[in-house]
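A short write-up of the structure that comes next.
The first chain written gets the first letter, and so on, giving A, B and C; residue counts start at 1 in each chain.
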Amino acid sequence: MKKLIALSLFLCSTLAIQAQDKHKIVFQLATGDEKEQASLIRQLNNVLNYWPDAEIEVVVHSGALEFMMTEKSVAKEAILKSLERGVTFAVCRNTMKGRNVKEEEIIQGAIFVPVGVAEIVLKQENGFSYIKAGY
Amino acid sequence: MKKLIALSLFLCSTLAIQAQDKHKIVFQLATGDEKEQASLIRQLNNVLNYWPDAEIEVVVHSGALEFMMTEKSVAKEAILKSLERGVTFAVCRNTMKGRNVKEEEIIQGAIFVPVGVAEIVLKQENGFSYIKAGY
Amino acid sequence: MKKLIALSLFLCSTLAIQAQDKHKIVFQLATGDEKEQASLIRQLNNVLNYWPDAEIEVVVHSGALEFMMTEKSVAKEAILKSLERGVTFAVCRNTMKGRNVKEEEIIQGAIFVPVGVAEIVLKQENGFSYIKAGY
């Protein structure tokens, strides 16, 4: 019986530890404020310098859509570098539809998700820590 | 022994999967900014159109109290519709006390919680994903 | 076999419940807005009055650095009282470096962490609920 308890504890804790092997972070960017967008870029770099193999996804929706638009983004170069470092940028299709923005207007390399908030929920359900970008 | 390990793994993972069967989301609304409040309403609708049986609670506190006041809310109709769709609106009693607002001034159908932030913590402890509303 | 299933369920749920015995909360403060900083102080007091033995850590970074500077903070007295009540204030070294602020300029009793956002992630990985301070 003792063995059984020990085994169950071991299995449960092993599962918990495995889930944390690699740091997983989902950032939410919903702001059109360019200073706050620049702050997100700094944070991505700080985290990746500290944890080079962290798994990072930035979900972009609502007021932040222009951040991901080739012709309008103030952070295009930084986004391209972050993509090279393995960061995922996920753009909300609902927001795009609401503003009549098409896929080809978005910086290449981004992915598209149906509902930005739902994507953040899915990530949290899969063990990602959540960080709301901005001040 | 192998059977035991398999069983334990199965039980642990089953428990984890069951916890995610239904998407559970707690939104925090602390802002008096009416544009950000409107953005929350859009997000609630987007999520419910995508996941009709998601369990959603909006915790309202601090600067957002007027959002829930019958005579002052700019979103009263949208809140009533969200209530019909099953969204819970939880208003912080601490905030109400601090501003001398009474229960009868709050849109009917809302629930009351002693401390808004504590309610958000309880929800996270019970498997809800957390979304901070606003930009 | 039934006993085994019951036992495994019991162990898994016991582990889950134990993790929640004491409420653990990590607040993120990234704003230089003094009204939002004052709101965080109120929230800390509200939570501690409600849950006196909650484990609370406030991670301070980006625009919020002055909040923790002895000569510049508008909340110095409140921070000292929170420290006495057991709250941890963790200041981001990356932010300090970027603004050329030294340890001796920070309110005594604070701790220092290499990367503020990474600290928030570590806390979430260790069962802390996350609250983004501000409106």
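One rule holds in what follows: a contact is a pair of C-beta atoms (placed from the backbone, for glycine too) under 8 Å apart; a residue touches a chain by one contact, two chains touch by 3 or more.
Model, not experiment: these values are computed from the prediction.
Colleague: Could you work out how far chain A has to rotate to sit on chain B, using CA atoms and steps of 5 degrees?
Modeller: 120
Colleague: Compare the two sides of the chain A and chain C interface and say whether they are made mostly of the same residue numbers, over half shared, or of different ones.
Modeller: At the contact between chain A and chain C, which are copies of one sequence, the residues are largely different (under half shared).
Colleague: If you average the Cα atoms of chain A and of chain C to get two centres, how far apart are those centres in Å?
Modeller: The mean C-alpha positions of chain A and chain C differ by 22 Å.
Colleague: Which chain A residues touch at least two other chains?
Modeller: 4, 8, 12, 130, 132, 134 - these are the residues of chain A that touch more than one other chain.
Colleague: Quick check: in the complex, which residue numbers of chain B touch chain C?
Modeller: That would be residues 4, 7-8, 11-12, 15, 28, 30-33, 62-64, 94, 114-115, 117-118, 120-121, 124-125, 130, 132, 134 of chain B.
Colleague: Provide the residue numbers of chain C that touch chain B in the complex, in ascending order.
Modeller: My answer: residues 4-5, 8-9, 12-13, 20, 23, 25, 39, 43, 46-47, 50-51, 129-132, 134-135.
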